[in-house]
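After the structure tokens below, expect a handful of questions from me.
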Amino acid sequence: MPTITAAQLAELLGGTLHGKAERLLSAVSTLESASPECVTFLANARYAALLDVTQAGVVLVAGGTRREKGDVIEVADPYSAFVRVLEYFHPAKEFVAGIHETASISADAHLGANITVGPQCVVEAGAQIGDNSVLEASVFVGRDSTIGKNCRIYPNSVIRHDSQLGDRVILHSGVVIGADGFGFAFEKTAYRKIPQVGIVVIEDDVEIGANTTVDRATIGETRIGQGTKIDNLVQIAHNVRLGKHCVVAAQAGISGSTVFGDYCRVGGQAGFVGHIKIGDGAAFGAQSGISRDVESGEVLSGSPGRPHGIWKRIEAALPRLPELLRRVKRLEDRLDIDVPNKESDRAR
Amino acid sequence: MPTITAAQLAELLGGTLHGKAERLLSAVSTLESASPECVTFLANARYAALLDVTQAGVVLVAGGTRREKGDVIEVADPYSAFVRVLEYFHPAKEFVAGIHETASISADAHLGANITVGPQCVVEAGAQIGDNSVLEASVFVGRDSTIGKNCRIYPNSVIRHDSQLGDRVILHSGVVIGADGFGFAFEKTAYRKIPQVGIVVIEDDVEIGANTTVDRATIGETRIGQGTKIDNLVQIAHNVRLGKHCVVAAQAGISGSTVFGDYCRVGGQAGFVGHIKIGDGAAFGAQSGISRDVESGEVLSGSPGRPHGIWKRIEAALPRLPELLRRVKRLEDRLDIDVPNKESDRAR
Amino acid sequence: MPTITAAQLAELLGGTLHGKAERLLSAVSTLESASPECVTFLANARYAALLDVTQAGVVLVAGGTRREKGDVIEVADPYSAFVRVLEYFHPAKEFVAGIHETASISADAHLGANITVGPQCVVEAGAQIGDNSVLEASVFVGRDSTIGKNCRIYPNSVIRHDSQLGDRVILHSGVVIGADGFGFAFEKTAYRKIPQVGIVVIEDDVEIGANTTVDRATIGETRIGQGTKIDNLVQIAHNVRLGKHCVVAAQAGISGSTVFGDYCRVGGQAGFVGHIKIGDGAAFGAQSGISRDVESGEVLSGSPGRPHGIWKRIEAALPRLPELLRRVKRLEDRLDIDVPNKESDRAR
């Protein structure tokens, strides 16, 4: 790993060093497990108490923060600065381009310059792999699919036929792009499969987490917008459209034909019914359940999803509901109100 | 792709053309993106406004619907008719039967007539593949498993040993059939694995979505009934039985030994505890949580699941709970009722 | 399969036979489908009625339980005893050690004694496989990962680079260990990927279910403690730590940097936000949603998670909320209380 002095690091980050300029740094670490040659950072107030016990050589901090003993570099945004430190100490691994001898590649595939195709991969006829892209082991690329430049496809992911991936797309292991949408017509006594003849389009700079599924469209396309990031085990159904620069946390699910704007944020395990429209910048709490159109900038929580403030007030009031039943009964008793049978029955 | 005139198409569908008989049609599309050579359909009232702006040559519609300018074919069920149009324009892809040279097939496997085994597949001893079935790339078929006729197994799916698949079964990529059930006995300080020695049986005409898991039984069998359709990322635990012609939406989970009747419908992300019985035709809302036996035809929503009408009334009343607390306090003040300490404490 | 007499079996289990000593037993079964040569068990009172109809030769029962006609063996814990019977009739399958000719193994991998590497596997440089471990078909082991002794890795699972697995670890099909954590810094208009340079550590005796994902740490490690059992389709995010002997049911999700103690139990589809601490022995209901630190031994249900008793009382009271609104209105009418506009508006 490279080494750097504290002074050089401060200069690289555009920050201000409070400490020993010539200190040699050679690794990154967490506050808890840092040793003196390590750089770490404090961005979350939950961990402030660790600042006085960490053994780190240097901690990246926001303006004004100091350690009782030990050095800091003040930066505008400690987390962003730390990302740069990570990139400095862990430059992207170089791949030796080449086609592994066990890969099964159609003679009719179109292979760009400087690509890597790992062992046991399968690339079908008409498929196209852009320059500098890397397919790690056991990746499947179906017929007539196109993969852009500088993509990274991790082991055991599947890209079915006619899918279109842009540049710098990252697919993690176990991702399935372009499986059939879940479409059936009920006819008398049984379900009849609806042919799923559409495609999946994944724009530039999208990253998709392990074992996530993005189904092909019934007709037309399922589309993931530029720069959108999707976590693990997420379900994206047929004909969904995600806008640009959205984030979708793990295990969320989006049903067929639902359309998102740009810069939306979806919490883990959230669910969306089909055929709804979500405006730009809308945000959704973990485990929320959304079954209506959503305006730009709305923030919904709960299932069914409600405006976050309303949801919080309901949740705060709920523990008092059992007591409220008793208090209303006492009021009725005081006023000699006879609760009609049907209701008092249920009330007991 | 094939072409057809509007008049021929109307005849094929048993519908009535209102428009130009000789119009040539050569593709299917959505209302939004259709061009004049396209057939599309209107089945969901949400999209009715598109009828007057679509460029489609012909739109399949329900009786009485017309376009301001443009042709329609009236049919009894536009969606079902459209399925037929899809089948007409996209006939199932012909596979060239044969065993790819990179597949690893035991000499003790039993291979039917006219089968396709794609690159990097593994078929173990005693496994049996029925006539006309297609295993795409990197499919694993464990020892003594049987696959019926005309099945389609997509890349990177796994069928572990002793599994039994019927005819016309479709498994999408990443499906895992027959992994061990989640069974452990706690003994003093640690969990002891319970051997999972049962099997999985999948009846005819079942389709299972990408990355779904169906665990083998502890003893006996886990069974998916004929014609049942399961979406992506669904969990089916050991010894579960699904009846015939059920549909299970994405990310639903069914715990061990729960038994479903026929024609049940399960919404996305719904969850079921183990050891319960679900009657024929029961239906469950998205994200519902079911922990009791369910009668035939019941419709449950919410978590814990309640009859859909009750659930809707509760959800409609919930936003008024915070206000209700204040209103009860006002009533108590008016009557000089002293809320006992314990309750008033909690009430503040 | 081996055979055993009822008397021998009683002795093996330390139980008391009530029935025919010389009865020959040769299989295990469920109560429903047992035939006279079968052993089965009754552990769950739900199934007690089956005791008088089962055809089983012998049923393992708790002290005092008898069948109307038919034999039993009384044991202290029928379920644990049955596990032993399963192990007796289904001894672990012997694997023929060896490297399949289609496996792609780096010359720089370190292979222990008596290991099995199945067809289409990929083992990269620096990877280490411990003695007696079995990699079934199409397993990927990335560079510099280590797998301990007596591990069992099922088809199509992925272990990315630098992961560390202890002894006797079981990974089911489709598991992905060490995919990148979901970490991005938002910079002006787009998300910038945070390099994920940490690792995953999986301690001895861990079992992980099909298609579950365990992400690598951003820095440091993601760790699964000794003896912990994880079901299918679970998400374990970057830098999570699970203690020893936890159980996590299917489709649960744990967000980044959350830390669990030992002996925790997590229900299916439960979700945890990031950066929280969970004490030893805490338990969580199915579909619960946890967003705060949790004390040792707490039992939480619901979303947001509440102490189980409080949650039960709220859920019991909820169906009466619509009626309560009407009753409060009646009290207000009786006292001529004018509900202020804002509230009465909402109340209608």
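Per-chain residue numbering starts at 1, and chain names A, B and C are given in the order in which the chains are listed.
Basically, contacts are C-beta pairs under 8 Å (C-beta built on N, C-alpha and C of every residue); 3 or more make two chains touch, one makes a residue touch a chain.
What you see is a predicted model, and the numbers here were worked out from it, not measured in a lab.
Trainee: When the CA atoms of chain B are placed over those of chain C, what is the turn angle between 0 and 180 degrees, to the nearest 5?
Mentor: Value: 120 degrees, nearest 5.
Trainee: List the interface residue numbers of chain A and of chain C, divide the shared ones by all numbers used, and answer same when the ratio is over half, different when under half.
Mentor: Counting shared over all numbers used gives less than one half: different.
Trainee: Using mean C-alpha positions as chain centres, tell me how far chain A is from chain C in Å, no decimals.
Mentor: 24
Trainee: Taking each residue of chain C in turn, which ones touch at least two of the other chains?
Mentor: 102, 120, 138, 156, 174, 211, 233, 251, 269, 287, 303, 318-319, 321, 324, 328, 331, 335, in rising order.
Trainee: Going by the contact rule set out above, which residues of chain A touch chain B in the complex?
Mentor: 102, 104, 120, 122, 138, 140, 142, 156, 158, 160, 174, 176, 179-180, 182, 184-185, 187, 189-195, 197, 211, 213, 215, 218-220, 233, 235, 237, 239, 251, 253, 255, 269, 271, 273, 275, 287, 289, 291, 303-304, 306, 310, 313-314, 316-321, 323-324, 326-328, 330-331, 334-335
Trainee: In the complex of these two chains, what residues of chain C are touching chain B?
Mentor: 28-30, 32-33, 44, 46, 79-80, 83, 86-87, 89-90, 100, 102, 118-120, 136-138, 154-156, 170, 172-174, 205, 207, 209-211, 227, 229, 231-233, 245, 247, 249-251, 268-269, 286-287, 303, 315, 318-319, 321-322, 324-325, 328, 331-332, 335, 337, 339, 343, 346-347
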